[in-house]
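Each of the next two complexes has subunit A plus one other chain: subunit B in the first, subunit C in the second.
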Partner chain A sequence: MNSGEMKFLVIGVVLALGAASIPIVSDGYWLSIATTAMMYIALSTSWTLFSGPTHLIALSTGAFFGIGGYLVGSGMSDYDQSFWLMAIIAPVVATILAMLIGLATLRLSGVYFVIFTLGLAEMIRNLVSWVQNNFLGSRGLYVLTDFTEAHIYWMLLSVATIVFLAGWLINRSRLGFALRIIGNDEQVARHVGINTAWSKVILFMTTGFFAALVGAIVAPRYSYIEPNVVFSPQLSFLVVIMALLGGIHRLWGPLVGVIPFTLIWEAISISFPNSTTLFLGLSFLLIVYFIPNGFVGLFENLTGRMRK
Partner chain B sequence: MTPRDTILQVTNLTKRFGGLVAVNDLTFQVREHEVMGIIGPNGSGKSTTMNLISGALKVTGGSIILEDHDLTSLPPHKIARFGVARTFQLVRILPHLSVVENVIAGTAFAHKARWGAEAEQFAEALLERLELGDKKNQDIGSLTYIDQKRLELARALASEPEILLLDEWLAGLNPSELRIGIELISQLREEGRTIILVEHVMDAIRSLCDRCVVMNSGKKIAEGTPAEVLSDKEVIRAYLGDE
Partner chain C sequence: MNRRTIMVSFSSALLAAGIAGLTAASVIAADPIKIGVVSHLTGPLAGGEAVTHTPNIELWAKQINDRGGLKVDGEQRPVEIITYDDKTDPAEHIKAVQRLATQDEVDYMLSPYGTGFNIAAAPIYAKYNYPLVAVSAITDKIPELSKRFPNMFFTLGTTSGFVEGVRDTLVTMRDAGTIGNKIAMVNVADAFGIELADTARPILTEAGFEIVYDKSYPLGTPDISPVVKGAKASEPDAFVAWSYPPDTFALTEQAIIEDLDVKAFYTAVATCFPAYADKFGAKIEGNLGAGGINPDTPAMQAYRKAHKEVTGKEADYWASATYYASLQVLEQAIEGVGSVDREATIDYIKNNSFDTVLGTISFDENNNSERYWSVGQWRDGVFRAVADTGMGDSVPAVAKEGWN
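Right, the complex of A and B next:
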């Protein structure tokens, strides 16, 4: 481990400890915002593990997140299973689904991949709603646990920490290097001996796993789960926007996008509850147009210029 | 010349694109430590042949055997791992990677894979040898055309290939660069590497190739030393037309 990595590790530990103490100094409103932010940190960072190096924009986060929430709800409400068991099963199911989707979408690139993942997420949402309405009797599911907001926050912080560790290990590994080469030139990647198909599928599975895990952990926060709500397409877009705002070519990029965006989003939701989608689209345009490489890109540009 | 072992055996190789037969029943061998040229007019199927050997295109018929391995229907990454390395007709470097990383890309997934500090040292030594040593920290966007070509060659050599495919590696170089390029390939030849090269530059073919296969409309029309094939009547007709 070199000194640069050591520095990042120390900063990471300090940040994690700082984040862990938030529920001690604050409960209520700010803890609730911190929990939302932590949820998006875990989601956006794990999304970037796949989409950052490959430049394949996946709009399927909502589907995996929904599987997490829905399976916890269904398992606890309809089948009397414990939260913990369902929180283990849900990510496994999502990982298998991600593998199938990954294998099916291998030949797709660019905009076709984007549309496919969006369509697929919508299909899963409607399919689950339909099954729930027609065969399982009830429209909603109850997730009743003893968890407080602080418990959920700490669980999300643990997941986010694991995502960062996983990302750090992947970036150092040959798999991470393979993904970067694929993002540069997939044809070259194949001819230097990279199994491009499986490299992409493994990373996509990782993303699906973490999204479902986050969905499962957040489920008790809603108490009442409805397929149409947890399989939220808006969530897929939010994850992408926050990651882009921060910058997707660094592991810590999404982190610096999520925090300001969560605060702004909170303000928008309170002030203009009926036009959030409008602002979502507007912020997407502004980010892509003015800061295509995110805050990290801006920052690296500035420091690069100062060095010169 | 002592007879050497055949390393690559191409037999009745055929590739169809719909009704067009791009490569038609092509058979040839490449022996160890040999530089073999594939020449022919534009559209005669030379690059298609290279793409079939490296797996970029799927074979319609025939077979490609490297040593004891049947490469015929393997995907490109498996072919690469058996020791086939290539450069591309239009130079393809990895634009968002550093110069050294571009070379490590060649070795990290190859049949004799290197990784970590070992790969880095190996890549730097290769860059040194291809006279890119002083440019290893340079911004990759600022490399000149010949340096990009050298870098691509370094990536291919980094895999320590059993056989190296150079698809018009000299194309687009200016006269002084061309001399450097020919010199570089002749060094590779003296090292005893096995190379197939597709080339239009006749000077390069005369000075570099041990043997040549001449293609026209997907078929092999001649085979032999450069001097033999270049004086062959049918070859002259293929290039210049009847009389």
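Right, the complex of A and C next:
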């Protein structure tokens, strides 16, 4: 470990400890914002693990998140299983599914993959409805636990921390190196003997695992799971937008995207409750126009210029 | 420089919040009672919210403020409604409810639209002692939920109550010789549609009916004609659809095209909307659907007239009146306690009965008001209740005589 990495590690630990103390400082409003932000930090960062190096825009977050929420709801409501068991099963199921989807689609070139992932959440939601309708039935999926918002927040924080550690380890590994080559030029990567398909599939599985885990943890916060709410295409887009706002070529990029995004979003919701979508659209335009490489790009550009 | 970017976004956020604060301050004249509500102004549930909830809140607030306000602590205080949009997203909803409770520090909150949103918001209402008089929350878990959230009240019945209403209607029609035993049943393959169909199968079979056709269709399907053709081919006496608003309209339209001639034609959600009658006119005479009201009581007539005058729209023939009644419960409880004391208000709701547009209602040991209409029938442009739980004022359903 060199001194630069040491510095990042120290900053990371300080940030994590700071974040962990939020529920002690605020129990109400700010905690609920922090919980939503932490959910998006975990989702966007795990999304970046895959999409950052490969440059493949995956719109599948909603699908995996939905699997997490739905399995927890179904397991607890229909089969009287404990939350913890379902929170373990759900990400495993999502990981297997991500593998199957990855094997089927990641051999294709970029745009086909994007289109496929776009339809994925909808496809799984319909599949779930079909199974419920023909085999299981439905009695409403209640996730009634004794967790408070602080518990959910701490669980999400732990997941986010693990995502960061995983991302850091992957970046240092042969796999991370391989992915960067794939992202730059897949032809070259194949010629130097990298198994491009499997490298991408493994990273896609990691993303699926974490998205489902987050979905499972958030389920008790929603208390009642409706398939068309958890399998939300909007979630997939928000995750991508927040990650792009931060910048996806650094692991910590989404982090600096999610926090201002959540605060601006909150300010818009308070000030213009009747036209939030309009102002959201305007802020996207401004972001794309003025900071195309995200906050990280802006930051690196400016520090680079200063050095000159 | 990075710091500056962050500062820019922070200061724009602060500026925006400041503007909001200023406008809010200039609106407040006296010292109003602040009432918060988180609505689905956009998103998938915005349509239902706009028909059933929003106009009633507008009507209620206007009526109270026109008479000077609510009587608390020996003075008249107007009500001020604070609304946030949640985009039909539970995470946004939870945040907005927290914001109302801890930032705006509203005195009371109204119930949201949809079972999921009521249950998702319930822990926050409970934490800050807000009474939650839920309306659009039909669930079979009322005892468990009210034990967990003692501040939560229910007014629109249970899933089983809902299905039993349909069974009672069909049994009455069979006993009268209007229909035979054969039912064609279809459902939308989504949460509530599946749940209703699941509940209905044993209940209808036990009542001696034969389900001759049992099919589902996907949510949002553009073509519903195979379902209606199939139902017609099974030659049923009655047609029952556990449907959502878009498919209620589509099924009815298709039934007219196919001339599905049954003496009992039931579609679930949205049959009670005035827009349904506007679209199909006299063709839907005799159609059955979820909801219904008793249009003959003076209270109901006065309510529907005021609703039309203030909001310019007809009230729907089901949950509109119930939602208005939930506002009346809150209003009478606040005035009954005589001060803005939420805990006392919750106790008051538990222990008193209320004079509402639905008649007198009170809550049992499970915080449930077992007084609701469950099935209605279109008769001369009015959707009249033909089955109920605890109301006792519904009329017997009559045969549907073709699609003319």
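Note that the second predicted complex is superposed on the first by the 278 of 308 C-alpha atoms of A that agree within 3 Å, B and C clash if a C-alpha of one lies under 4 Å from a C-alpha of the other, contacts with A are read in each partner's own complex, and residues count from 1 in each chain.
Everything below uses one rule, namely that contacts are C-beta pairs under 8 Å (C-beta built on N, C-alpha and C of every residue); 3 or more make two chains touch, one makes a residue touch a chain.
In this text, all values refer to a predicted model and were calculated from it rather than measured experimentally.
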| item | value |
| --- | --- |
| Subunit B versus subunit C as contact partner of A:Met6, first or second or both or neither | neither |
| Which of subunit B and subunit C A:Ala178 touches, first, second, both or neither | first |
| Dominant contact partner of subunit A by residue count, subunit C or subunit B | C |
| Touched partner set for A:Ile88, first subunit B, second subunit C, both or neither | neither |
| Subunit B versus subunit C as contact partner of A:Val14, first or second or both or neither | neither |
| First, second, both or neither for A:Ser129, with subunit B first and subunit C second | second |
| First, second, both or neither for A:Leu103, with subunit B first and subunit C second | neither |
| Touching partner for A:Thr277 - first (subunit B), second (subunit C), both, neither | second |
| Partner chain(s) touched by A:Thr196 [first = subunit B, second = subunit C, both, neither] | first |
| Subunit B-facing residues of subunit A, complex | 174, 177-178, 180-181, 183-185, 187-188, 190-196 |
| Subunit C residues within the subunit A interface of the complex | 1-2, 5-6, 9-10, 12-14, 16-17, 19-20, 41-42, 44, 83-85, 87-92, 94-96, 98-99, 101-103, 115-116, 119-120, 122-123, 139-141, 144-145, 148, 159, 187, 189-192, 194-195, 198, 216, 218-219 |
| Complex interface listing, subunit A residues touching subunit C | 28-29, 31-33, 36, 39, 126, 129-130, 132-133, 137-142, 144, 218, 221-229, 232, 234, 260, 263-264, 266-271, 273-274, 276-277, 291, 295, 298-299, 302-303, 306 |
| Residues of subunit B defined as touching subunit A within the complex | 54-56, 75-77, 80-81, 85-86, 88, 92, 94-97, 101, 104-106, 108-111, 115, 155, 159 |
